[in-house]
Amino acid sequence: MIGYAFMGKAHSNAWRNVASYFDVPAFEQRVLVGRDPAGVAAGAERYGWAESSTDWRQVITREDIQIVDICAPGFMHAEIAIAALAAGKHVLVEKPLANTLAEAEAMAAAARTARTEGVQSMIGFNYRRVPALALARELIAEGRLGTVRHVRAAYLQDWLVDPESPMTWRLNKETAGSGALGDIASHAIDQVLFLLGDQVTEVSGRLHTFTTYRPGRNGPEEVTVDDAAWATLTLASGAIASVEVSRVATGQKNSLRLEIYGDKGSILFDLEALNELGFLDATVPVREQGFRRILVNEPEHPYAAAWWPQGHVIGWEHTFTHEVRDFLLAIASGTQPSPSFEDGLTVQRVLAAVEESAASKSSIIQLTTPPETSPRPEGA
Amino acid sequence: MIGYAFMGKAHSNAWRNVASYFDVPAFEQRVLVGRDPAGVAAGAERYGWAESSTDWRQVITREDIQIVDICAPGFMHAEIAIAALAAGKHVLVEKPLANTLAEAEAMAAAARTARTEGVQSMIGFNYRRVPALALARELIAEGRLGTVRHVRAAYLQDWLVDPESPMTWRLNKETAGSGALGDIASHAIDQVLFLLGDQVTEVSGRLHTFTTYRPGRNGPEEVTVDDAAWATLTLASGAIASVEVSRVATGQKNSLRLEIYGDKGSILFDLEALNELGFLDATVPVREQGFRRILVNEPEHPYAAAWWPQGHVIGWEHTFTHEVRDFLLAIASGTQPSPSFEDGLTVQRVLAAVEESAASKSSIIQLTTPPETSPRPEGA
Amino acid sequence: MIGYAFMGKAHSNAWRNVASYFDVPAFEQRVLVGRDPAGVAAGAERYGWAESSTDWRQVITREDIQIVDICAPGFMHAEIAIAALAAGKHVLVEKPLANTLAEAEAMAAAARTARTEGVQSMIGFNYRRVPALALARELIAEGRLGTVRHVRAAYLQDWLVDPESPMTWRLNKETAGSGALGDIASHAIDQVLFLLGDQVTEVSGRLHTFTTYRPGRNGPEEVTVDDAAWATLTLASGAIASVEVSRVATGQKNSLRLEIYGDKGSILFDLEALNELGFLDATVPVREQGFRRILVNEPEHPYAAAWWPQGHVIGWEHTFTHEVRDFLLAIASGTQPSPSFEDGLTVQRVLAAVEESAASKSSIIQLTTPPETSPRPEGA
Amino acid sequence: MIGYAFMGKAHSNAWRNVASYFDVPAFEQRVLVGRDPAGVAAGAERYGWAESSTDWRQVITREDIQIVDICAPGFMHAEIAIAALAAGKHVLVEKPLANTLAEAEAMAAAARTARTEGVQSMIGFNYRRVPALALARELIAEGRLGTVRHVRAAYLQDWLVDPESPMTWRLNKETAGSGALGDIASHAIDQVLFLLGDQVTEVSGRLHTFTTYRPGRNGPEEVTVDDAAWATLTLASGAIASVEVSRVATGQKNSLRLEIYGDKGSILFDLEALNELGFLDATVPVREQGFRRILVNEPEHPYAAAWWPQGHVIGWEHTFTHEVRDFLLAIASGTQPSPSFEDGLTVQRVLAAVEESAASKSSIIQLTTPPETSPRPEGA
């Protein structure tokens, strides 16, 4: 694994625990890679890795390494992932796939090539592994919502409310690529595509930075990424999805909300209460219709049988545990893990279209998916 | 109508509006009765009554009066109601039926006698007319909950939180009969009996006064009624209901909550959100079970077709509008309105048993319903 | 009053009850006007009007009439309102002000002229009178939210979910002007302006019709209005508001939702639970921050002292009772009722800009408010 | 560790992860003990234990063992715990302390003796380590609720709803001691004592078994424990707490609910949403009072800084991670971990009083705490 900050800590938790809950192929947590020798050694000790290293190039060619998990910053994704795939290692990479569309395309191409050799790759849209959202996808795939029309996706946080909160690399376009757009709209958009199994055909978008200068080391520095983003997406099915994300929604801590309205039913979700799914079945008599709060902890629910008895809720971090489980099982069975790098690229293309639309005063941008990047239909 | 304080204002609203929403027999708001000539005259003007009077005895014998609505304090209920029934007037009386069991029994006897002459009577347990609770009763009667076992009823308010809140007649046993017990536990107990169509066979109860002295006109005065009450009720069906009421539940304003658990489903309700009913259908697959929030404003719902389009919620006061509607229709059809004085007496007996149990250290009290007071089965 | 359908029923309720709760100048419900003689006569009887008439022109010139309340369809608003103002009658008109911008401008001009003669006028954005929203406005005006940045407004209904639901005049652009946009986005936009006391400077919008043909009398007929609309609004203060409305949001019955995020606090609201306001105070220590559910029924709350004790919730219809109360008090004091026809025109201009933007592929439209239409600052 | 069923799995998770999040003394997961050699070996492999054994007596005397974690069934607690303490090992034992009061007393005596030798012991009331409840305790200890009066505790589950659900050892008094009472009322009662720092002086209780026979291997077998229990507890402070627990509350999965009402504020909690705390501060102006939903994931909150950024919720299992952390830190500092065996005994005494009261028709039982068992005041 490369990287041991927030995401490295979360991925380590997944690797450390997955085999205690799920039947997965045997593996070992071999090497943690980072830049600072002392820091990475301490991280390896703390998070359960046998060794540490500061040289990812050396590590990814070791014969005793079969899997590379990339939790390094986005601008490093392409180089490491392409090299690791070329070295014949299966690769899991944190989202977003890359900071630029060009890098993302190169990564998707490398993944396609590697796949033909049996080398697998996966992009870490971990919220696909929230049991409640996996259940939502099942219900939608079974037709329980009928024809989906109106979709509302939002991801609201508030960690940038304070205008005196200092400048960081995350607020600089050169290092971060974009702001709320790439960081959290990417999750919202991936969910829309995942849940509906649909494609985006048109995009209108808007970006805004509420606080344009923030305190830097030597005085005010310009914030060059968005604090908030808005978009409407036309989907191939005819549905329309709105997407709205913010880092200044005071009091909303980590609220990825999804509302999906079909002609036979609807789905509601909020990541702050991730063990719950709202579901309305519009085919029962009107007299008894209402949104149900399903506590998604029953043995019948996705991933849930591995955990605790009903009503004993699980935490955010196990979205990664499930991700790693599915990644390992796909590798073992020689199938493409989902979501693929191509799925990651698809989301990047939508994000790029939002930026293009915003730059041209919200005008609608047509999006055509190149045929070669269409991901294969996903398994259940 | 006799009385024009809180309940008089609410009942007036019902009389003033019922014919604008429901097809009821024609009637007029003829006389408002009260003690203070100027006050009652102003009240009549304000609330839509043609005249006012200070002499209820004279008014209840007037030939142009057919209905007497008693909103006077509880200690006056028996005398007025019995006299009005004897004068051949249909009587609606606010709950509780009376301050003492003896008075309640006399009223029930008077009602039985009057009924044989076609003179009807009704006790104002208005929450039976909350559309959501009427729907709950329908669902239970249809067997949607299966065998009901565990029932939880609570009525929580907080208007006595401040220990410096002054002494009033409501806190004196002589004038008020009891505290939270008669005032709000009566509603909770009536709901249990109404929703389940059941009878209480055993009672264990407890009463407590948290603030025993309060500021009076001439120094501290003793509070002689309960601030809170607890009871468990064994029902004839074998179900057990807990009842808990409080006037010191800080932050709970008017929270009558009901939870009814059967082997096929469950019901949740909170009066602070009275347009909503929680319903869980345990016969659907476990994977999609969950409490539904039914917004009880559809034309299919009890009373709702008369009001506004779906989702346009109604207020607390229309529990009385519905009560008056049902009272008028029962009179017109010559049938016994529900709940009857006997239903009111049944609740009084349970309240008396709670007091008896509390006085004997919570010991379980057997309750036998005298056969003559069994109310006739209620219509739909 | 002219019109006795849904809105006529709701306004009648307000006129019938306002004086029982509020101290307003004495008035009588004199004449109900409609097209069908028998229908309007029955309506007058049912809703408490002394007489009925089929000739609005004659009625608005009667000397015993001082107020005209227009609940007729939108295309009739301009003609009636202008004539009534010219006849020296105070005018209350249901929203939207008119079906076209030209008519709305003519009405605003007539209102300005009449005002100089002491003749008042008001547009019926009744949700300004929801106590919870009036409280929200107070809190915002007091600075409790600090600088407002991110605003989310949505109005979700579901009465057009069924594609077999028949064609009506409301789905035809000629008779209805627009669809969800004029009907419910107007409310959402007015709330944004009301709560923030702000102006719209830029608009990007989108309209969509999910079901383009519906069963008519003689086969399928084309639906020529929108089922759903999306917009982002830039406000003069720098805040950005998203607006999203739908008639196909299955399971959402009447859900006008508002989320207002400032740097010192936030507000949440949902019309389906209109007695409640969500409020987060970001100036208290983080450890104890959280959205409060304020039950807006305390004597301290706007309009609430007139009603019932705390926790006894009121219904949707009393937004009109409060509207009529404020209208009567403004007339009595010779001041301009709020919202004015100019406020209605302001909303119409935003709606027109949404349509213009949608027609030009969501491009951002600049909105400049002509100086003469700036409404005077509103009173408390 | 002894035992590897549900609780063994949960405790293993805690031991496996605690050092990745918290600074605790170094330790190793040395031996897992169970009865079935193959099963316990597989469990050790799965849950991260270096070895396995079937002989607890031998293991607890090993020199390389310093801590014994007892997850075996309740009837084995006393024997193992007393032996382990005698062998000088620190002991963590799952709740309930024991199946009988006599065993619990012997364990508390053994703990007192061992403590004088620096050997520590702890009873696993893990819900004291829910961050939201730890925050609640802080707020109460700081006086934010003022004088607490009315407390409501309930623990509702539904896994026994089906009358055809088979007989198990948990439903037999000889093996299980009691039913819902010992299993879940123990948690509710411990929370009341923990949160308030109070003592029980009087108890009235009731027990009920709704399904008295269940399918056994050879036909129906009698259920000899309670399905549900009710109690009211008088506390030394004068507060009164109701406790209600059920295994037949259809649709309630794991709902430990707490409501604590003081004269300056109130607390609400539900274990099904364990990252949230409801708090009402009654000292702010009434106009803005309301229950806040605090998402207890801020660095300022108990235990939370170790985990993820704000709004990234944790799961039920980390109540044990926190428990193990506090146990290790107490051992390292030579202080008594909390809750002590005496705390466990205190809860057992209340449970016994509920049974005694139930056996004598709910009569109130006086509870006197022997002076020698008063636990020392707990640290922050």
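Per-chain numbering from 1; labels A, B, C and D assigned in written order.
In this text, a residue touches a chain if its C-beta (ideal position, glycine included) is under 8 Å from a C-beta of that chain, and two chains touch if they have at least 3 such contacts.
Everything numeric in this text was worked out from a predicted model, so none of it was measured.
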Contact-richer chain pair [C-D vs B-D]: B-D
Centroid comparison with chain D (C-alpha atoms), farthest chain: C
Chain centre separation in whole Å, for chain C relative to chain B (CA means): 37
Centroid spacing, where centroids are CA-atom means, of chain C and chain D in whole angstrom: 54
Averaged-CA centre spacing for the pair chain D and chain B, given as whole angstrom: 41
Per-residue overlap in chain A, given as positions that touch at least 2 other chains: 252, 280, 289-291, 295
Residues of chain B defined as touching chain D within the complex: 149-150, 152, 154, 158, 161-163, 204, 206, 208, 210, 228, 230, 232, 238, 240, 242, 244, 246, 248-252, 259, 261-266, 280, 282, 289-291, 357, 361-364
Chain B to chain A touching residues, read off their complex: 135, 139, 277, 279-281, 285-295, 298, 300-301
Of chain B, residues touching chain C in the complex: 6, 9-10, 12-13, 16-17, 19-20, 46-48, 157, 159, 252-255, 271-275, 295, 297, 308-318
